[in-house]
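Each of the two complexes below includes chain A, the first together with chain B, the second together with chain C.
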Partner chain A sequence: MDFAFGPEPCMAIGHDILDIGSRKAQAKRQRGALGDAMSPAPLELGMPGQFDLPNVEDPARYCRTNFASVCGTGDEHQAVKFAKGTTTLAFKFNDGIIISVDSRSTMGNYISSGTVQKIIKINPFLLGTMAGGAADCSFWERNLGMECRLYELRNGRRITVAAASKLLANVMSSYRGYGLSMGTMVTGWDETGPQLYYVDDDGTRLKGRYFSVGSGSMYAYGVLDTGYKPDLTVDEAIELGTRAIYHATHRDAASGGINNLYHMTKDGWKFIHAVDVNDLHYKYAEEKKNAMAT
Partner chain B sequence: MVAMAGKDCVGIAADRRLGVQLTTLATDFQKVFQLNDKLFVGLAGLATDVQTLHQELQFRLGLYKLKEEREMTPQVFSHLLSQLLYEKRFGPYFIEPIVAGLDAKGKPFLSGMDLIGATMTAEDFVVSGTCTGNLHGMCESLYKPDMDPDTLFETLAQSLLSAVDRDAISGWGGVVHIITKDGVTTKELKGRQD
Partner chain C sequence: MMSSTTSTFGAPLMRHSEGQVVLGGSGEDAVFKPADYPGREQPYEHRFSPYDFNGGTVAGVSGEDYLVIAADTRMSSGYEILSRNTSKLHQLNPNAILASSGCKTDMDQLRSVLDIKSKIYQHNHRKSMTATSTAQMLSNTLYGRRFFPYYAFNVLGGIDAEGKGCLFSYDAIGSFERTQYSATGSGQAYVIPFLDNVIGNRNHTEEKPTLSKEEVVELMKEAFVSAGERDIYTGDALEIMVMTKDGVTKETFELKKD
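Right, the complex of A and B next:
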């Protein structure tokens, strides 16, 4: 069965019907078949052009205007709003790193989920956080996990946090301008000690002592800046991480749900707690009332 | 916000958030106002217009009472509000109000309006705000005709809380008013504070 489709030459309706309009289909037609439904061509990641891109003049600009995953009301004009909105934080102290996140995912004003796992376990010694576009973060951090494993197999030793974060930052650089949205913190404990790197979608990679990322990050910074000391005990650090996320979820509409908290030690990461932030609200209100009464 | 009719009673409920896009500024903002013994109006939308329109409506009701020497019925009030909004047709108040009250015979009256005064009267429930989709769904499932005041309270509370828990920019507590011929009961709802 043949039919004419726009300015393109006649094409048969087959398994590649979903490729209509993409560059891959056009290139395939020019080159001759490259893979078919039974054995599709392998996806080469990290190289733009290997993903299916819209067949327009400037795919980068098209993607970032129509498929952007931005906070607040930046994507109002889009028909599809991607899942995003969050507060994540991580801070280094003498006994390791505390990583504390919320669990809400919003699509526009709609709360699409209240139970998202925003801490991604890359390997037992590396944790990544998710902020920005949910799909972008989970895909690229899982990809990072794969790269880290390959490094281990090739080199016979665990990858350093600096190298892992560099791998992720390089990938983000190569997709710069395509409207990806990802603000993540790569944390781990390697032979140089506990390390914390901030990596985001325009290729920024920063080493630091503490970061907070997401729409609620400003509220978390307020609490974090006030309470942070390098010589916190583990319990004090956990309390600081919890409180910072609670305040952010209370003030920021796009953050909420459950506070997931992990502690990075020299033996790897340890899951500490998953507490509903609503319960935290009433607990802190009670504490404040008791403190004022005495 | 949402208003529902029961047997010889009406209820109106609203959330408590005041925010600017994603930032929450207050968790005790009043959006439902009692204008006389048997009349409530809920004003959803721009905060400044909520307050201005409330003052305007109080003024007009006061004037009516002085001239007519009787209380305004909800039907007349609804019409007044519609006219007030249409007066600003080319520079409207950014409000989508709902009116809930008991008329002279004690029968429930509910109406909702768009921002330029298109009135819609309903026998069962009216909704307004940012999560009307969620509210419509909750009300359609939970509403039953001829509920008594306690059942009406439960239904309103559950509809509101479940609806706002799926909307990022609504919530942070709630308030429910139930109006019967004997008086008004007001209860604060303990909602999610995130």
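Right, the complex of A and C next:
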């Protein structure tokens, strides 16, 4: 049984008619790359692999029904639950971008970790946030980091935030319908200034002034919408970012842990703080009591 | 959905750990007549599930210069115990030990694939993989099966390049994090709160004590004894491996067999 997958190798200009070896190798690669049930494709290390799909009529439907990273309780029927749940936010202001996240990850009802790093450092001038499926976010953002580095090496200059977010959005588009779950914000400072893009698992890519993503995003938006002004000072902006996350973790069960905050400046990102939201609770309660007393 | 195959059963109904799918109204597909099985009002259809849950608990604690990783040795399926002495711990290279629980076939296959990758790395680079590299490799291997996951919950422990103990906990598709202590498997919810309290010193006001590896080994035994009391899939025996820069020691501790 001899199948040929894909188009026949064509005779391009410069394609040596006597180079039978290359054509044979190409044909063999096309035949053997996918493999079949009886003789699976050999493990070639160092070569980019392909994702195995379940051997059913509609793999996309099977995957999103059984292996999806769904937020809340949508995955109760699944045998295997994946880590997710979160609140992340980012906003642009005159002095850069503030990125503030929580650190809880849940698997069904179980809190699998209270110390997840939801801010992924793609390079010294690009940050990505993680919301949705933890593995999906960390894998694809790490992949994005690799692509950004390759871009730098090939082109001799740093990639723009628009291009980086586009690369990620295209990947998400191509896996649309397979049950991936990722809501990320790609932020950076390139030659056009501070940029903030929201990228989603269905290929949505939006440029904006501020976003909040995750199960606790509604609570964060409430605080963010109230306190946001483009001419905030850096300290006020940090305080706004902290407070928004605190309120989200207070009300959303799937958010909590530690608030990690970064500030994106024209010299790159800067780590600001990692504060336990429990401590913030008592700090704000104290402030409120003092404010009411005076 | 996966197309279901109609199955013919001459023998009495075999209990399947994945359960049965109840068919309402598609009487043609169902082979079982309600009258044959008194007490069952609706016809059932068996659906093949590629996964089975074989149970077991796995835990690890990393210290200043040591790593303690432990796993019970019971393998079950449904309400049956299939084996009382299967090992869930596996040393991948001189710097890392993998402990996994979940579906035994997926654990074994994952172990084989990682062994092969470790060996090829060793041959290509003439050195063993560091623990942090092994951790990333495991994450990528798991994500490579994002659309048909390995049903294996892993904890990877080792000694990192600076000589400090390190521990990484994973979910089924490769999301990982370096932590000081971790537990996974059927008894996760019984072991982790204990470790949070004693090792993480969570919600305590006094100073966090530094523990020696002997103390940690004793704590692990306590943790598994408690887990075995309340989790049916944990018990029989406990294997503990302690890794330092000088090597690995293994100890077996008997647990209750009920």
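The working rule: the second predicted complex is superposed on the first by the 245 of 294 C-alpha atoms of A that agree within 3 Å, B and C clash if a C-alpha of one lies under 4 Å from a C-alpha of the other, contacts with A are read in each partner's own complex, and residues count from 1 in each chain.
The working rule: a contact is a pair of C-beta atoms (placed from the backbone, for glycine too) under 8 Å apart; a residue touches a chain by one contact, two chains touch by 3 or more.
None of the values given here were measured: they were computed from a predicted structure.
Q: Does chain B (first) or chain C (second) touch A:G256, or do both, or does neither?
A: Once the two structures are laid over each other on A, A:G256 reaches chain B alone.
Q: For A:Y178 in the superposed arrangement: first (chain B), second (chain C), both or neither?
A: A:Y178 contacts chain C only, not chain B.
Q: Quick one: classify A:Q117 as touching chain B (first), chain C (second), both or neither.
A: The second partner, chain C, only.
Q: Just to be sure I read the superposition right, which of the two partners does A:V277 touch: chain B = first, chain C = second, or both, or neither?
A: first
Q: After superposition on the shared chain, which partner residues are touched by A:V56: those of chain B (first), chain C (second), both, or neither?
A: second
Q: Report the partner of chain A that touches more of its residues: chain B or chain C.
A: Between chain B and chain C, C touches the greater number of residues in chain A.
Q: With the two structures laid over each other on chain A, which partner does A:S138 touch: chain B (first), chain C (second), both, or neither?
A: Touch status of A:S138: second partner only.
Q: Shared contact residues on chain A for chain B and chain C?
A: Common interface on chain A, chain B vs chain C: 110.
Q: Considering the complex alone, what residue numbers of chain B touch chain A?
A: Interface residues on chain B, with respect to chain A: 19, 21-24, 130-131, 165-169, 192-194.
Q: Over in the complex, which chain C residues touch chain A? Could you list them?
A: Going by the criterion above, the answer is residues 1-3, 49, 51, 53, 113, 116-117, 120, 139-140, 142-149, 151, 169, 171-177, 179, 188-189.
Q: With touch defined as at the start, can you tell me which chain A residues reach chain C in the complex?
A: Where chain A meets chain C, its residues are 43, 45, 49, 51-54, 56-59, 61-63, 65, 67, 69, 79-80, 82-83, 105, 107, 110, 112-113, 115-117, 133-136, 138-139, 178, 180.
Q: Can you list the chain A residues touching chain B in their complex?
A: The contact residues of chain A facing chain B are 71-73, 85, 102, 104, 106, 109-111, 114, 215, 249-257, 277-278, 281-282.
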